[in-house]
Amino acid sequence: MSEIPAELRYTKSHEWVRALPDGSLMVGITDHAQGALGDLVFVEVPEAGRQLSAGDACAVVESVKAASDIYAPLGGEVLAGNDSLATQPELVNQDPYGQGWILRLRPDADPDSALLMDAAAYGEFVAAGH
Amino acid sequence: MPYIPHTAEDVRAMLGRIGAHSTAALFDEIPPGLGVDTLPGVPPALSEMEITRLAMERASRDGRPLNFVGAGAYEHHIPAPVWALATRGEFYSAYTPYQAEASQGTLQVMYEYQSMIAALTGLDASNASLYDGASALAEACLMAVRAHRRSRSARILVPRTVNPVWRRVARAITEGQGLVLEELPWCPQSGTTATEALAAHAGEDITAVVIQQPNFFGQLEDVDALTRQARALGALVIAVANPVALALLKPPGEWGDGGADIACGEAQPLGIPLSSGGPYLGFMATRMEHVRQMPGRIAGRTVDQAGRPGYTLTLQAREQHIRRGKATSNICTNQGLLMTAATIHLSLLGPAGLTRVAEACVARSRELVAALTASAGARTVFAGPRFHEAVLGLEVPVAPVLEALAGQGIVGGWDLTGDYPELGHALLVCATETRTTADIGTYARALESLLDRARAA
Amino acid sequence: MENAMQAREPVIFELSRPGRTAAAQQPPPAPAHDIPERYCRQRPPALPEVSELQAVRHFTRLSQQNFSIDTRFYPLGSCTMKYNPKVCNALAMLPGFLDRHPLAPAVTGQGLLTCLFELQEMLGAVTGMAGVSLTPMAGAQGEFAGVAMIRAYHRGRGDLQRNEIIVPDAAHGTNPATATMCGMKVRELASGPDGDVDLAALDAALSPATAGIMLTNPSTLGVFERNIVEVARRVHAAGGLLYYDGANLNAILGKVRPGDMGFDVIHVNLHKTFSTPHGGGGPGAGAVGVGERLLPYLPVPVVGRDGAGYRWLDERDLPQSIGRLSGFMGNTGILLRAWVYLRILGADGLRRVAEFSTLNANYLLARLIEAGFDPACPGRRASHEFSLTLRREAREFGVTAMDFAKRLLDYGYHAPTTYFPLLVPECLLIEPTETESREELDGFVEALSAIRREAGTDPELVRGAPHTLPVRRLDDVRAARQLDLAWRPASQ
């Protein structure tokens, strides 16, 4: 079973979202997603300042056999991409909820307004074979 | 039955195993009425003996004219081992090395080829080749648009001194994605692109600038100044180069301050026969920071489970079979066989041999231009340094001259009138190391007598 | 005796010694050149310095580390790895063809142009199309030309809203990549459970934005699209055009023609169907054929008849052409090889290609089903290729389709195409071609059966394969993370 931290929210495309104290959001991909992709060899992160709409493809994670887009869970401005992934894409495999974060976002809207799953719902979503 | 090994007994036994009464029954899922029984328009079969005779008649009908045309394809000596080795069945009849363990030969050749292209261009990384030089330029333009992190215009400045056919190809291939290729004028004295033509675009959003060295006229561009000016515009620099000339000329990776971002061109001069236009191979190299935007196959060196060195295709997540609609290009293959030939060719020449070929090209070209312009009816059009081609101005229209020369077994050059009407009666000529003093004399005498006759008429 | 497949061959740069040359290959020294120093490089390029014999041995040994059609059965699905007749190469390399400059006047190329004109005509006859251009240099470029012509056709009619190309989910990745290159949006179409196009899904996908649909028939699953006439009717009724991906043309040569099925444009992979070499991954050739309404848009140049002779038709002759795709006229030498092949086979020989490639595929499928393997489309006739699913083997033995593929290499067979089409789990796509003998097919069945037994008794043996090649499985992750794309002294 993959790890699903209780304090995070989740999307159907397997991103996690963490609310930070300053009102910004941190986004990454879940343990389940990194396991399905396998060893990552490259992560492309967005540049700070880019404006995103909810659902925009905003980053790419690549393994040897697959490449997947990461979608913005909410609209907003990119505050930072995780630059250490440029040289250490394996951080996403090793620590998907920590050092393997992908971007930080200042959301346009209240995160609660987005239809994100809580940990229990995401756990069921994964268990249902998604 | 040519190339089909089945005996009548095989067919009987195999149909029995399938449970079908005839081979026709195997096509029973094709809707009735849709099929055809014959193929009018395809002639009856020939034996190998008959087709050999027919092909030899046609090939010999075309003769072996003395060649003084370049314009994107160049006659060079090809060492005998190149095609003796490249047409070995193990290279010739293998496919893309998807099963790396069963394709180490092809993969190592790719790696060696990439290393040689990187050395010639002075850039970090090469792909394992594209279709040809013209399509490589188109791919380089698309790549520049992906690689430029800030430019949004997809505007690319292309001097008119770049091969005109390649410019048309680049336009045809990139148009669907909204690229805008804008022409830059050239200086009538030098036949090269003036830096002022670039400077005129200051303050605009320009994605990339293309610089061809030597340019289509055979003239040498001031690549350092042009590269610096392009950088000042915030544009990426796409170098188009002749790989034989790179034995002598400054590699794109060292142009200006910091070098070109992408180099591409036609690698046909590296051991590929003229072959009436193809197959050739396009080369492309770039700096490491842009490598993921480069299209085409790329081989990498790694280790196997036992820790031994080995080779595999890498960065495949850029490619169409994984990325589908988001791939860097729809290209699947490289020009594997031609790449193999080019690698063998460069190995046989080495740095000294390639340099000597390039020097001989320059020497023969100078000799040709001197011989042809000794006649009163022909002059050089441009001043300034050249590689192995030159533009000559004739007193009379070019097409009838070329036609008359062809009648004497001489291919006298490329008529520039169609693409550059402003040049008047202009002819692009070329001599490589393969032309002798006697060849040049033959051409010069033929041209002189034609021009004399024209003047008398 | 040393086994060439086992020995590591050094990188050619490791054989290099300063000052060593293949002297016979150098032209006589020329006088010093007159190019000013500021245009020149400071050091000669770092190419290897080896003798002629060293180079010959090096590349001969490297060739011996390849599997190839000339040495092994190569049942790579959708790639049509059939015998490449030696005569095709020999005749394409006759000096009159080989030494000819592409810009030499047409009067000096009438022999060549006659061959190419005949090839255009024969490809038109085989595909049921009104016109052919030979210029695309690979299948993917043929696809590009096809979609670009569809786009030009709609624009030519002022129908500017058509910007969607429908592509089945089982399609080759080039189809969506090509549509994107042409500035089109891709709309994916789910396949029905039996491998045919789902007509209800097609209706849902069709709209006033539909520019066209890209189909392969037989499909990438290796079965004939039985609804093709109805598909064509509905797409045309919606104002779209049909594009035929010629990847599987080998299956239907002389039996049924894409033009008769209702297709408007087709590309033909000469390196598959017409047996030109794959060359370790190219050159290909992707001639395109079109129906009447796309004729004005064909890419140039095209060979035309001009009085008693032939010449290249260009932009002046076809002003609505989508333009040029190559520096000259495409992969002429490859086109000559295809011309030789077509003339040797003739009309009857082409029909036999379809019949015997289909016979071989159905025989192999029947024998593999007997041996206990599962077809991906049960109950369907194979075309010239078929897919197996090794899902059961993966579950029972923990041995994947890739493990089977790698172990086949130890048995001396090239692996089939793996994991394509993507929608078949643990897929092997197998295409034997017509040039393989029954004994070769039997040997392949025995090898796959033996591997299945090994998977039961010694799965580690299969998972660790190959064991007999110059290298074992390669570390792809390291290759991508620590990019080593060019030799440097430090990477020794």
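Letters A, B and C mark the chains in the order given here, with residues in each chain numbered from 1 onward.
We take it that contacts are C-beta pairs under 8 Å (C-beta built on N, C-alpha and C of every residue); 3 or more make two chains touch, one makes a residue touch a chain.
Being a predicted model, the structure only gives us computed values, none of them experimental.
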Core chain by centroid distance, with centroids computed from Cα atoms only: C
Any idea whether B-C or A-B has more C-beta pairs in contact? B-C
Taking each chain's centre as the mean position of its Cα atoms, how many Å separate subunit A from subunit C? 38
When the centre of a chain is set as the mean of its C-alpha atoms, what distance in Å lies between subunit B and subunit C? 20
Whole-Å separation of chain centres (CA-atom averages), subunit A against subunit B: 44
Where subunit A touches two or more other chains simultaneously, the residues are 41-42, 62-64
Going by the touch rule set out above, which residues of subunit C reach two or more other chains? 476, 479-480
Out of subunit B, which residues touch more than one other chain, so two or more? 322-323, 326
Residues of subunit C touching subunit A in the complex: 476-477, 479-481
Residue ranges of subunit A touching subunit B (in the complex, touch as defined): 41-42, 44, 47, 62-67, 69
Under the definition above, what is the set of subunit A residues touching subunit C in their complex? 39, 41-42, 62-64, 89-90
Which subunit B residues qualify as touching subunit A in the complex? 149, 292, 316-318, 322-323, 326
